[in-house]
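See below for the structure under consideration.
The first chain written gets the first letter, and so on, giving A, B and C; residue counts start at 1 in each chain.
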Amino acid sequence: MPWTRHHILSLADFSPAEYDIVLQTASSFREVLSRRTKKVPTLQGQVVANLFFESSTRTRSSFELAAKRLSADTLNFAPGTSSLSKGETILDTAKTYLAMGTDMMVIRHKEAGVPQAIAAEMDRLGVRVGVLNAGDGQHEHPSQALLDLFTICTLLDTDNPQLSLLKGKKVAIVGDILHSRVARSNIWSLTASGAEVHLAAPATLLPKEFSDYVKEEPLKEESTSPSSPVVALDRRLFIHWSLAPALQNADFVMTLRLQKERMTSYLLPSLREYHQQFGITRDRLKLCHPEVKVLHPGPVNRGVEISSDLMDDPQFSLISQQVTSGVAVRMALLYLMGGGKV
Amino acid sequence: MPWTRHHILSLADFSPAEYDIVLQTASSFREVLSRRTKKVPTLQGQVVANLFFESSTRTRSSFELAAKRLSADTLNFAPGTSSLSKGETILDTAKTYLAMGTDMMVIRHKEAGVPQAIAAEMDRLGVRVGVLNAGDGQHEHPSQALLDLFTICTLLDTDNPQLSLLKGKKVAIVGDILHSRVARSNIWSLTASGAEVHLAAPATLLPKEFSDYVKEEPLKEESTSPSSPVVALDRRLFIHWSLAPALQNADFVMTLRLQKERMTSYLLPSLREYHQQFGITRDRLKLCHPEVKVLHPGPVNRGVEISSDLMDDPQFSLISQQVTSGVAVRMALLYLMGGGKV
Amino acid sequence: MPWTRHHILSLADFSPAEYDIVLQTASSFREVLSRRTKKVPTLQGQVVANLFFESSTRTRSSFELAAKRLSADTLNFAPGTSSLSKGETILDTAKTYLAMGTDMMVIRHKEAGVPQAIAAEMDRLGVRVGVLNAGDGQHEHPSQALLDLFTICTLLDTDNPQLSLLKGKKVAIVGDILHSRVARSNIWSLTASGAEVHLAAPATLLPKEFSDYVKEEPLKEESTSPSSPVVALDRRLFIHWSLAPALQNADFVMTLRLQKERMTSYLLPSLREYHQQFGITRDRLKLCHPEVKVLHPGPVNRGVEISSDLMDDPQFSLISQQVTSGVAVRMALLYLMGGGKV
């Protein structure tokens, strides 16, 4: 099956075949990255513009490095010093980068829908410029979910990572799911794989209505008693307001970043209390499958989402592998958007 | 005629032959940019330092991309984090970049004359480092005027853009001419071409004394009556305090960016009123030549200098072409400053 | 002797052979930089991350250019927009860059010991990633001291710069020695060379206890009278609270940057008074050897540490050569850390 998508905006409509193409392409770039000279000439002479309207060092560096290793030239947009502060619209900024000769745009914005709007405008103009959503508000962050998927699948089969490897595995996603674009994208990819996905968070950070997110499936409530609030969505997505049922026999635990500003909006009593109830520790992992692995998209608040010693323990933590996977997966995405042959 | 200028600071003393060399060189780079691999090895191993003491994303990105497409390495200077805040003089900053091995400097500063001072210092030191003025205060912005010129001449003759194509054309420059370095540079190039240049702005943004700007020509007042204030400077430069006479039969309308901070200095009653009197709309263009084209250096305040629908209408708007021309023209300027053969 | 060090954190334990390897390697890169095409493919495909937690334009540009001229890709970390403000620890930031595939890290931080802590963590993880200290608090700035050494030794023998050339020379270091990481690193390299090093500063910026810095030598007080406070440390390091004895017959005068914020901490009466007592002027240089040269790490406060005319006089000033040496020396350091053959 050939790759036909030239924007990567959301995983909501990704097909299993598309997940597998990304996994296989990333796998071949992972091999490139293990060589001493880690560059390939694939995108030589092409321009990747990193339009990070919301500032970020980590994700921007990962995309920048991915682009450079494909031999592309990169342009970095710095919102603080930009035309935006001079009254230009975001679409006009994007069209300016288009007119300069940008071939691909990697876009992060604090409001949901901005990458989609820019992609629609590129299509309306009839230009073949790919747009990649590097995080839009609380909506989606597809490259993060794809690198999480790649990290897990590579662990399960180093040489042949495939979506179907996750079938029947239990994955817990723990933390501020309400505000997390990472969680939203991961729910799409993990449920598509046939994994059982268990969300766990305080009720303020995971209202029951959140289950509406996976719209195509009928909501089947198994229990709504306050002491054990479990909501099941078909056989794959479960919602918990406490940690233990989510961890029970889990193969993978994905922790989410807790943004401290949530404290000020009265959604959380205290960081200490959050850690006591939802923080992942070595002790709590005893509930899980013995070979359980823990992921976190970073940056980590040590001792809040995850205990410090656990984060550093290679027996459990995949955090460093996630970062490494990020470069390979982003190379794959830029390569595929650029029309690379599979 | 060979190119002899190694600084590009002002268009005041540009000769017609020099304009034509820039246009022809940019035309050949425009052809390079239409290829899939848009890079040439011309400046390989050379260093272009972008010293933007006044921050800018748009112009800096355009120069950075031009330099990269010539295979130069680029250094970006960020004023916020620089030695300037530690008491170093601007000349010492420039000399530091010189000593590091910079071959060309692209300089923007909020005060007029800074690029000229740096160029003079380079000459005094006997080094062959080219300095390009990327905007100095309200003085000049030569690369913007050259890309405007290239955009227009390429429209008039795609394969052979020349200064003389503009002879006899009527060009209106509309907006905050008083504070515009873009207008100042454009007045030099357009009058040099033999075009008829008509400036239109509220009297507060275009005082009559402004006509002194073109110093070599005798001032011949045709009328000073408040109701129809038209001042003619030889046969080429006309000043209007209202829009209609400037637009009458115009071939090109150059709109200028209105800096909103002008409002606070009591030079304008309101943006709405400005748009009513000087904003360019589809309706007002009916005064112009039927094939009139509209330019704007960007970033645009939609609905202020120009109506939003007109800005997006490819029948009238050259705004996107200006941005594209920018990269080709800046490649040409860096190439010529670097001693490229013509 | 082969090069074995893969971190460059301090000059305290540098051996004479190591100094000579750096000088010779820098000398060969100095030759490369004199060619028209100043690039070599040495580090092609490798990634140098500039992690400047304390912002700097000058030093970062110098390292960035050094890396690019070795054909490395560079990543720049901008603290203002980084994960640090989101609660990530510095070690975690460094490990993120490691996991992305960084081969070398150049680190500046306002607190002493940060590069050392990161280097120790890399070693603990068993990865071969080199860490270079680009300035840690008031502790050390080894690449600055090495470029000062290279500048002096190249002056003494252009083709064959060696540590031993400095033997018996008198070097004065003047200014805010108490707070200067540049001074601390220079004291190690200069005393290692066999030069006589004379420190001169107001007593508030050079307490007598400072002589403890060179710990391996017994303290021998020659005089402690207030009018002529001279303290000798073996035959090589001398401390003065006035300028004249330090300048007497000096071959080299290293001036240090005076940070103006010292004024507010009551360490200095006024900049004018500082200049009167410790500023280097043409007149004061008459005390020195007739061929004396003056150095300054920059950025310079003209008229404070050094008079403006003297700074610009090529007969005396090596300031511009220091900046040029900086690129060659940093190329040498990255090359050696990268395992280059000597």
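Points to keep in mind about this one:
By definition in this document, a contact is a pair of C-beta atoms (placed from the backbone, for glycine too) under 8 Å apart; a residue touches a chain by one contact, two chains touch by 3 or more.
Since we're looking at a predicted model, the values are computed, not measured.
The chains other than subunit B, kept where they are, remain one piece by touching.
Bringing subunit A onto subunit B by least-squares fit of CA atoms involves turning it by 120°, to the nearest 5. Between subunit B and subunit C, two chains of identical sequence, the interface residue sets overlap only in part, with shared numbers making up under half of the total.
Inter-chain spacing, taken between the CA centroids of subunit B and subunit C, is 43 Å. Shared interface positions of subunit A, defined as residues touching 2 or more other chains, are absent. Those residues of subunit B whose C-beta lies close enough to touch subunit A in the complex are 33, 35-39, 55-58, 61-62, 64-65, 68-69, 257, 259-260, 298-302, 320-324, 326-327.
Within the complex, the subunit C residues that touch subunit A are 44-47, 49, 73, 75, 77-78, 80-83, 86-89, 92-93, 95-101.
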